[in-house]
Amino acid sequence: MRVGFVGLGIMGKPMARNLLRAGYPVTVHNRSRPPVEELVAEGATDGGSPQGVAEQSEVVLTMLPDTPDVEHVTFGPRGLVEGLRPGSVLVDMSTISPVATRFIAARLRERGVEMLDAPVSGGQRGAEEGTLSIMVGGDPQTFERLRPLFQVLGKNVVHVGPVGAGQVCKACNQVVVALTLQAVAEALVLAERNGVDPVRVRQALLGGFAGSRILEVHGQRMLEGNYQPGFRARLHHKDLRIALETGRSAGVPMLGTALVHELLGAVVARGWGDLDHSALARLVGELAGGAG
Amino acid sequence: MRVGFVGLGIMGKPMARNLLRAGYPVTVHNRSRPPVEELVAEGATDGGSPQGVAEQSEVVLTMLPDTPDVEHVTFGPRGLVEGLRPGSVLVDMSTISPVATRFIAARLRERGVEMLDAPVSGGQRGAEEGTLSIMVGGDPQTFERLRPLFQVLGKNVVHVGPVGAGQVCKACNQVVVALTLQAVAEALVLAERNGVDPVRVRQALLGGFAGSRILEVHGQRMLEGNYQPGFRARLHHKDLRIALETGRSAGVPMLGTALVHELLGAVVARGWGDLDHSALARLVGELAGGAG
Amino acid sequence: MRVGFVGLGIMGKPMARNLLRAGYPVTVHNRSRPPVEELVAEGATDGGSPQGVAEQSEVVLTMLPDTPDVEHVTFGPRGLVEGLRPGSVLVDMSTISPVATRFIAARLRERGVEMLDAPVSGGQRGAEEGTLSIMVGGDPQTFERLRPLFQVLGKNVVHVGPVGAGQVCKACNQVVVALTLQAVAEALVLAERNGVDPVRVRQALLGGFAGSRILEVHGQRMLEGNYQPGFRARLHHKDLRIALETGRSAGVPMLGTALVHELLGAVVARGWGDLDHSALARLVGELAGGAG
Amino acid sequence: MRVGFVGLGIMGKPMARNLLRAGYPVTVHNRSRPPVEELVAEGATDGGSPQGVAEQSEVVLTMLPDTPDVEHVTFGPRGLVEGLRPGSVLVDMSTISPVATRFIAARLRERGVEMLDAPVSGGQRGAEEGTLSIMVGGDPQTFERLRPLFQVLGKNVVHVGPVGAGQVCKACNQVVVALTLQAVAEALVLAERNGVDPVRVRQALLGGFAGSRILEVHGQRMLEGNYQPGFRARLHHKDLRIALETGRSAGVPMLGTALVHELLGAVVARGWGDLDHSALARLVGELAGGAG
C-alpha cells in the first residue's frame, strides 16, 4: 500500500519514519524543506506538494497544527483534492474541530474519496516509539483495511464511531487531562503551602485512588447510571470544604476545587447527597438539558 | 500491644475486625450497640465508653464522621482523655480538619499522650480487604512503632510529615479525585451528546494518557519546576477551545473545562505558552503569592 | 440624506420607523415580507434586496442576528456591495464579532465605502422610544456627519474608537450585564433559602451600594418569576461567546465571564433560551434544589 | 435613651460620634485607648470594659471585625453579658455569620436581653456622614423603638426579618458587589487589551443598562490604578466566605460567588489585601499578562 504523509513536524516526522521502517513506500511533503530531505535520505519520496503526494498514494496521512491548515492542504492550491483518486483515503491525524472534519469528509465523499479522522495522544515519545493512542472515526471497513498501518504508529488503536468521532474522543481526552492537571497542581501547591512535603504527598496519592482508577471505576458507574455508593456525595462535599479551609488558612486560591465544591453542593441540594459522588455526571447531564 | 477502637461504622467495623484477626487484643466502643456486639462475638472487648476503651489500651484508633465527633469522643464526658495514660497514642483515622487536628494533638501532648493523624482512602472495600492507603502525620518514631498495626489495615502506608500532615495529604487526595471526577463526567457527557459512544471513548482514554499517568509524569515536572515541553500550554489551550466549541454545538455546559481553559489562557498570556502545560502549577503557585 | 435599512426584526423595525418619523427617506429590506409591507405603508420604499437598498441610499444601516448574517447581506448574492457607491457608508448596528467587523470594513474600504460599527443596548423598548445607547467605532468625521441620525435612534451616543471598537464596547457591556445578573440571581436565592424575604432584600440593596438598574429591573422579574423577554437568554449566551473570543484574541482571561457563559449555556440547554436572561435565577434556584 | 458603643474603628468611631452629636449620652469602649480618649473629649463616657459599657446602657451597639470578636466582647471576661440588664438590647452592626448571630441571640434571650443584627454598607464615608444603609434583623417592635437611633446613623434603614436576617441581607449585598466588581474589572481590561480606550467604554456603559454605582466609583479607581481603600480586599474576602457558608447551610450553590471568592483570595495572597477591593482589576490585568 502506497502511503502519503503531509506535515512532518515534531509528531509527523517520527510517524512517517516508522512507516518507512515498517516497509511502506512513503511519499512526503512539508512546508519547510529540512524534514523532507531528512526522510528522503532514509528512503522516502518527495511529493513536492500535497497534490504530488496524493497522486502517488492510495492513503494520505496528514498531521497538521489546526483546522485551517488541514483545509488549506486539502482544498488549497495544489492541494490533496487535485491528486486524490476515487477509492483513495485521507486519514487526518491532526487535532482539529469535529465539525470541520465532518464538513471536509462530506466534500471528499462527493469525489469518491473516503476520510478517517484519527487524532492521537502520547506525545513526541509515543510518536517515536510507535506507542500512540489512536482514536479513529469513519467507515468501519476502511478502518479495518488500514488497521495494519495504525498498528505501526500506535499500540492502543480504537475505532470510536463515524467520521468526526475521533476528534470528539480527542476532545474528551484533553478535557480529562486538563482538569486532572489542574487538580494535581492545586493539590501539590496546597500541600507545600501547608508545610507538607509535596514529594511525599505525590507518593501517597500514587499508591491510592487518585493515581489512576477514577476513569476506570467511576467512569463505569457513570456509564451505567448506577450511583449506589461507593463514597457519598455529601461526604466528598464535606471533604472539599475542609480542603478549601485548609487552602484559605495557607493563602492558596483553589479555583478548580471551589468550582467542584459548588457542583457537589448542587448534587446534595438536589437530594442526591447519599448517592455516589460520581453522580456529578447526573448533574452535568441535567445541565445539558437531559433527564439527569 | 493492646488496641482500642472507637467508631465502628462502614469503615471502622471491618478495620477493627482486621486487627482482631491479626491477633491484636481489641477494645471497642460505638455510639450504637449492634456493631459492638458483633465484634464482641468475634473476640473484642466492650469498653463501654471512650474512657473505658482508653483505660484498657496503649493505642486508640478513632474512625469518626467529622471534626466535632473527634473532639467530643476525645474531650467530652467519659472521653478518651479521661482514660489515656502518659505514653499512650491516639491515632485518628477520620477525615477531619488539619487545623483542628493540630489543636487536639497539642492538648493531648500536655498530658503526655502522642497523636498521629492517619486518614485513609480506598473505601469500604479497602477497609474490608486491608488494602487502604494510609497517609500518616506525626512523630516519625511513633509512626515506626505502629507501622505493623497500619500494615494490617492498608497496603500503601506513607508517613508524610508532622501531625496534621496526614489530613493535608487527604485533602490533596480529595481535590484530585473531585476534579478528575468532574473531568470524566464532562468528557463522557460531551461524547454522548455528540453522538459518540461513551463506552468506546472511555476505552480509548483508558489505554492512553488520561488513564493514569498525569499524577506520575506531570506531578514530577511540577515538583521539579521543569516545564520543558512535553506538550505546549498554547496547544492545550487550543484543544480546549475545540472541546468547548464541540460542547456548545451539542448543548453541553462544561464548567470545569471552561475554567481550566481560562487558566491556560492566563498561562499563555503570561508568556508561558511554549512551556509544558503542567505550568498550570506555576500559575497556581503565583496566585498563591509565590514567585510562580 | 437617503437612508437604507436592512433587518426589520424586533429591534430593526422600530428603529427604521423612528427614522421615517424623523423625516428621513428610508429604503428597507427584510428576509420576510410582513415588516417590509408594514413600513412601506408608513412611507418607506421597498428596496427588494440588499443591493436594491444600497443603490438608493447614501447610508445603509444593518440590524441582523449574528456575524454570518452581516457577511451574507453585505457580500452575498444581490448583496450590499453590489449597490454601495464610493463615498457611501455602511453602519452595522448588529452585535457581532469585532474581528469580523474589522475584516468587513477593510473589504469595503477597498471599494471606497466607509464602515461604522454601532451596536446598541436598551432592548426593544429603547428601540421603540429612541432611547438606545449606541457605541460607535470608526472614522470620527464620518461619525460626526451621521450623529443626527444616531440621535434619532438613541440618547446616549458615544464614539469609542476606530472601527471594531463599538463591538468591543458592546462586548464589555454584555460582560457587565451578565455577571451582575448572576450576582443578583445568587443573592435573591440565597436570601429566600435562608428564610429572608427577597423582596425586602432587594429593597435594602437598592438603597445601598449594590443598587443598579439590573437589580431594579431584572431583580423584579426574578422575584415575579416572570421571564417573558426582555432580552433572550440565547442571545446573551451568544454575546458572551463573542466577548470571550474577543478576550482570547487579546489574551485576556475572563474567569467570571466564562463561568456565566457556561451557566447561560445551561439555561439554553434546559430549553429556556427564549426566556429573558434573568432566567439565570431559575437555574440558580434549580441548582439549589428547588423547582426552578 | 442611654447608648453604649463597643468597637471604635474606622466605622465605629464616626458612628459613635454621630450619636453624641445627636444628643444621646454615649458610653464607649475600645481595645486600644486613643479613640476612647478622643470621644471622651467630645462628651462620651469611658465604660472601661464591655461590662462597664453594658452597666450604664439601655442599648449597646457593637461594631467589630469578625464573629469571634463579637463572641468575645459579649461572653468573654468582663463581657457585655456581665452588665446587660433584662429588657436591654444588643445591636450588633458588625458583618458576621448569620448562624453565629442566631446562636448569640438565643443565649442573650435566656437572660432577657433582646438582640438585633444590623450590619451596614456605605463605608467610612457613609459612617461619617450618617448615610449608611442599615439592614436590620430581629423583633419588629424593638426595631421600631430603636428606629430614631438608626436614623442618626443611616438614611436607608430596612427591617428585613427575624434575627440573623440582617446578616443574610448583608451577605447578599457583598455577593452583588463582588461579582459586579469582577464584571467591571474584566470589561475594562478587555477594552484596554483590544486597543479601545477604557475611559470611553466606562462612559458609554454608564449611560446604558450596565450603569451602576460600582461602575462609576470603582471603575474610576480601576482606571486610575488608585487602590487606596475604600473597602479592603481582605474584608470583602471574609464577607464572601460568610456568604458561601450561609449558602452552604441553606443548600444554595453559588458558582459566581465561589469564583470571585477565590479571586479575592488571590488578591490577598499577592499581598494586596489592604488595597481597595477594586484591586480585582489589578489581578485581572496580571492574569492577562500585564504588570498588574
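Letters A, B, C and D mark the chains as written, and numbering starts fresh at 1 in each.
The rule is short, and it goes like this: contacts are C-beta pairs under 8 Å (C-beta built on N, C-alpha and C of every residue); 3 or more make two chains touch, one makes a residue touch a chain.
Not measured: the values here are computed from a predicted model.
Separation of chain A from chain C in touch steps, taking the shortest path, is 1. The greatest centre-to-centre gap from chain B, using C-alpha centroids, is found for C.
The interface with the greater number of C-beta contacts, when A-D is set against B-D, is A-D. Each chain gets one centre point, the mean of its Cα atoms, and the points for chain B and chain D are 37 Å apart. One inter-chain figure worth recording: chain A and chain B are separated by 29 Å, centre to centre, where each centre is the mean of the chain's CA atoms. Averaging C-alpha coordinates per chain places the centre of chain A 50 Å away from that of chain D. Of all residues in chain D, those that touch two or more other chains are 247, 251-255, 259, 263, 266, 269, 287-289. Contact residues on chain B toward chain A in their complex (touch as defined above): 66, 95-99, 121-123, 133, 135, 137, 155-156, 158-162, 164-165, 167-191, 193-216, 218-220, 222-223, 230-231, 236, 238-240, 242-243, 245-246, 249-257, 259-261, 263-264, 277-278, 280-281, 283-285, 287-289. On chain B, the positions that touch chain D within their shared complex are 255, 266, 269-271, 287-289. On the chain B side of its complex with chain C, the touching residues are 241, 247-248, 251-255, 258-259, 261-263, 265-266, 268-269.
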